[in-house]
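Letters are used for the chains, namely A, B, C and D, taken in the order the chains are written, and counting of residues starts over at 1 for each.
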Amino acid sequence: MNFASDNTAGISERILKAINEASTGFAGSYGGDDATRALEARFAEVFETDLTVFPLATGTAANALSIATITPPWRAVLCSENAHIMTDECGAAEMFTGGAKLIGLAGRNAKYSARTLAERLETWPPGAPHHTQPASLSLSQASEFGSVWQPDELAEIGEVARAHGLKVHMDGARFANAVASLQCAPADITWRAGVDILSFGATKNGALAAEAIVVFDKELAASLPFRRMKTGHLLSKGRFLAVQLLAYLEDGHWLKLAGHSNAMATRLAEAIEASPKARLAAPVEANEVFAYLDHTVHEALQTAGADYHEWPMSVPDKEDPPREGEVLARFVASFQTSGQEVGRFAQVIGGL
Amino acid sequence: MNFASDNTAGISERILKAINEASTGFAGSYGGDDATRALEARFAEVFETDLTVFPLATGTAANALSIATITPPWRAVLCSENAHIMTDECGAAEMFTGGAKLIGLAGRNAKYSARTLAERLETWPPGAPHHTQPASLSLSQASEFGSVWQPDELAEIGEVARAHGLKVHMDGARFANAVASLQCAPADITWRAGVDILSFGATKNGALAAEAIVVFDKELAASLPFRRMKTGHLLSKGRFLAVQLLAYLEDGHWLKLAGHSNAMATRLAEAIEASPKARLAAPVEANEVFAYLDHTVHEALQTAGADYHEWPMSVPDKEDPPREGEVLARFVASFQTSGQEVGRFAQVIGGL
Amino acid sequence: MNFASDNTAGISERILKAINEASTGFAGSYGGDDATRALEARFAEVFETDLTVFPLATGTAANALSIATITPPWRAVLCSENAHIMTDECGAAEMFTGGAKLIGLAGRNAKYSARTLAERLETWPPGAPHHTQPASLSLSQASEFGSVWQPDELAEIGEVARAHGLKVHMDGARFANAVASLQCAPADITWRAGVDILSFGATKNGALAAEAIVVFDKELAASLPFRRMKTGHLLSKGRFLAVQLLAYLEDGHWLKLAGHSNAMATRLAEAIEASPKARLAAPVEANEVFAYLDHTVHEALQTAGADYHEWPMSVPDKEDPPREGEVLARFVASFQTSGQEVGRFAQVIGGL
Amino acid sequence: MNFASDNTAGISERILKAINEASTGFAGSYGGDDATRALEARFAEVFETDLTVFPLATGTAANALSIATITPPWRAVLCSENAHIMTDECGAAEMFTGGAKLIGLAGRNAKYSARTLAERLETWPPGAPHHTQPASLSLSQASEFGSVWQPDELAEIGEVARAHGLKVHMDGARFANAVASLQCAPADITWRAGVDILSFGATKNGALAAEAIVVFDKELAASLPFRRMKTGHLLSKGRFLAVQLLAYLEDGHWLKLAGHSNAMATRLAEAIEASPKARLAAPVEANEVFAYLDHTVHEALQTAGADYHEWPMSVPDKEDPPREGEVLARFVASFQTSGQEVGRFAQVIGGL
């Protein structure tokens, strides 16, 4: 019962096979190989548009480089106050931008509304050089609390952004889970909704280590080869990033993996909802489950060997705070999570 | 005949096997896994001392993070004017230090002498805040021109460094080739010679992507977990870095791979020396061969499909410049280079 | 009636005289002059302790350099959410630290309580490298909303800081106003209360441009000569900073100037309190007055030619929000503010 | 006999008068004052073109901000290997750019030729992201060794720059001395010769502390208000920078001051040339004199109380190295240098 995170899982069979197949022979280094060359066509097909792709090994790098590309040092990026870039990346965006500010916005389930955004922008201190002016915004799809931004929510956000001249970054560490959940075209929740640059994650969903910066606004792509190199994020044996991403996108493999994770999360959520001693702390729309557990449930799960995180941060939703004796827990399902494990979880929690 | 670089090769069988074996099941993320936990003991054994290890995916990151750890923004690092950190990393060290200066030193074969170093330090402008003061030095083992620093050369350098209060970084992107060449204990060319922090490379010698910062001075290690995270270089599925490094170091695998590369390079060098129309541009002490080729040799090799780099930079050694009609070429042998390929090379070059 | 800011005033007579006297003859540059050499003794006397002083020309530089000295790039500084360093310096601290995070704390009148601070520190996410760890805190004396930290408040804050290993910075852009208000020893609200490094301001209180970083913890001073130079903040004709500061501190001149400003602010406050159509938005403890004005008062003052700022930011105190038709205004008194001007203000506001 | 530097001098009478006159009354802060508003018209007149001006207090700040404006972090600026930005500013340009590289070019008298520049650019490693690509160049007018760039030399440099898409920065810490020496229009050695951005110095030539970034390419000016604020270089009482610069430029005051300094330097040079025991180490074209002194001359000057610097760096010109027993000395004349002092110098040196 390992629900600690989706990055505690291993490598999907297809991706592993691709690595094995690429492991012999010679190939151009630093992206000068056939697999890397094939990447943009594959992504363009998936996203139904012309684009530029920069593969790399970590999501933090994808986020910080993306944000640096759309935010000069003296300006600000707006994001959820619970965004991964705000709370979990040790200030990588601040460093790669050269000292830009991250401004947190409140909102339920680690999402902020177009209205909150607009109000903040309209009351921003005027453009004197004292006051860092906003340059961009970032949102996580799926969100840090397991929610998904609906296409119309994104379109509204995108409209506010355009009206204020802001570029839009999407942290898609769990992008596959969002697409699988929404059953929409990837384009609908990215460039069609105004997203300029996307951190496209594969690691949490079956890759060894493979992420990609996907740039929809071609002009933004010019500096990225240099920014990526200057931060040590250009891998020499680039083929091994590329073959992971190619296998990931082939035959809808990425969505099958994510669909499975989401389904397992839904079953975890059902077990929680069925219990009188546990309750969801946020709607479950992707592969993460946040729940308040009565301490007896928490203890029973621990005893049964379940692996998950007590959540140290403020609760997902201040309007629904924990009650006396409750613990806030996060469960994450991955492509590797089995129905058996989930069944065992339901059994433990149902037996109380 | 691919001699373009050692990073055009694939993955060694043992390392690939280790990745496959680790690919299933759950493991703690961000280095909280058994393989990562086993790393320091394995490195400690190899280096015969207590140490701290930070695995990551690229050599540029290992170098820039190491240098940032020993060089504050307002000070300088001295290195060869031909050092990889100086010419090939797009200023990563300048960025990760926050703007420190890299000062290039001249010397044969991308090495500088203890005397050159001492003279530079003794004539440094005095400690007024105008003049960036040196904090550290960096040297590459093996060097960028295929040379190897002898233990006594390193010990002399280390002594000058200590006398001036400088910390010492070694760029060991080809550390295995140096050890295999010198047949020495790894300790003899690192901490025993005064090296404080080492970029230990495995990627060029058979790994998919695996490097490690090895810190011999424990105090220096304190900031590195945060520096690595803040620059996006902490991999979430850390086990896959760790198992590569463990397999690499097991049973002397790393030295066998490097020994093979070195032997292949020696055979390439012999073929060049045997030709009246080609000559070595630098002694061949590891797995790189720099040679001046008569243009007829260059054309014949191109026709035969040999893959190698014409070297765009200033020649390795100004005391031995190219002659009319010569081309400076770099050939690199890897663990994957076959005797057959080298034989074919010798045949082509010998036939002229 | 210029109440726009204390930096719309000119130069006090004593300081101007000192500049004139220093204007001829030769003097060592970059701080190698007699006036600069005399500075530390003068400051040591005022602060009753051994210390190090770095004069410079702007408060933003003093703040950002001070904070960079006590906060490495991967850590955080806590401050009021309304701190000048947070809202008015265009992210200078983020830049000079190399990307550290500023974390805002809530509290009345741009002050935070020791309790708020302690709670935040106790619930800080654990020390995994993902989560920026706090290194320091900053507080402004007087505060951005015209309040003053009492010695015992500071001592409590200092205690929490020490318990959590944090260094303490004080932004003393209006330090003189605070000392004049509290009638305390400068030591009591700095090093005796746990302040490690102080931005000591003189510009807002009668200097042409003169601030000083005062370092109470000698070890922190080592890097500052280089940091100041590297950011272009070492003035070549250093004597002109030094003579301003010497004249400022001589014979209690600084406290006389500040005492006058404070007294004028108090009279402004009294006029506001006497009016049924205006009310204070924050207690007036130094030389700034924040007030809610009925729009008729605002219009009358505008018509009478009063110069002051409508305050664009969120109100000083959320527990006391503006009422329908009110405007939030800031009035600042300076050493140059005359009783006549204040009288005229009282007349205008009293006539409604 | 103070020839230590031109920044050991005080303030010119006219500039001091302007400061005194501006010292009373209220004025908008942060550049919102009449004097600052008048600046651009005055500079536009002097430079015969439309331009943008950013006053600040130090030349290092002017240089580092200018270079950051034309050089992204991942690119390089070319300059003389003896440039002030390279050797005397503690890496300020590296910091403000976010880690760009400074590449030093050789040349006589701290100038490099268009040919040296072109050759370097033509042999630059190709545009792979490994190799920092040049973005800009910087040159100092007058140079660090007291030479002046002729208009045609600058035009040639400017042509090479344009051909390679480089922006051009001029460090004009001693711009007035260059103009006074060349008797040319300021435009001829700036924008007409291809200079995009100029550090215009006044401090070394009679100001208390006043420099200005003059931007000829309007587009480059957009980020500077924010860059200047973010680095703490926007002075609150901006009028005091502005009135210095206005007085400096009025009635050709700046050129009279510089003309005097140059004339004094010429007389120092004549005295040296007349002596059999001293000789010039570089041509004297502005207000700096570099000379080799026989040790007896050096001792006699010291005994007579002359203040000047023994030069610690490599000699100005390697083709004319010092001889046995010689000392390399730098003498700088300022607006404050008197004919009497120079006469005394000539007497001492002539008496040997």
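Here is the rule we go by: contacts are C-beta pairs under 8 Å (C-beta built on N, C-alpha and C of every residue); 3 or more make two chains touch, one makes a residue touch a chain.
Since we're looking at a predicted model, the values are computed, not measured.
Among the remaining chains, those touching chain B as well as chain C are A, D.
On residue numbers, the B-C interface is repeated by A-D, which shares over half of its contact pairs, out of the options A-D, C-D or B-D. Among the remaining chains, A is positioned farthest from chain D, on the basis of C-alpha centroids. Inter-chain spacing, taken between the CA centroids of chain A and chain C, is 41 Å. Averaged Cα coordinates give chain A a centre that lies 35 Å from the centre of chain B. One inter-chain figure worth recording: chain A and chain D are separated by 51 Å, centre to centre, where each centre is the mean of the chain's CA atoms.
In chain D, the residues that reach two or more other chains under the touch definition are 30, 73-74, 89-91, 95-96, 98-99, 129-130, 226, 229-230, 234. Across the interface of their complex, chain A is touched by residues 2, 4-5, 7-11, 16, 19-20, 22-30, 57-65, 89-92, 95-96, 203-204, 208-209, 226, 229-237, 240, 307, 336 of chain B. Within the complex, the chain D residues that touch chain A are 30, 72-75, 98-99, 128-130, 133, 223, 225-230, 234. Chain B meets chain D in the complex at residues 73-74, 76, 87-91, 94-102, 123, 125-126, 129-132, 312-313.
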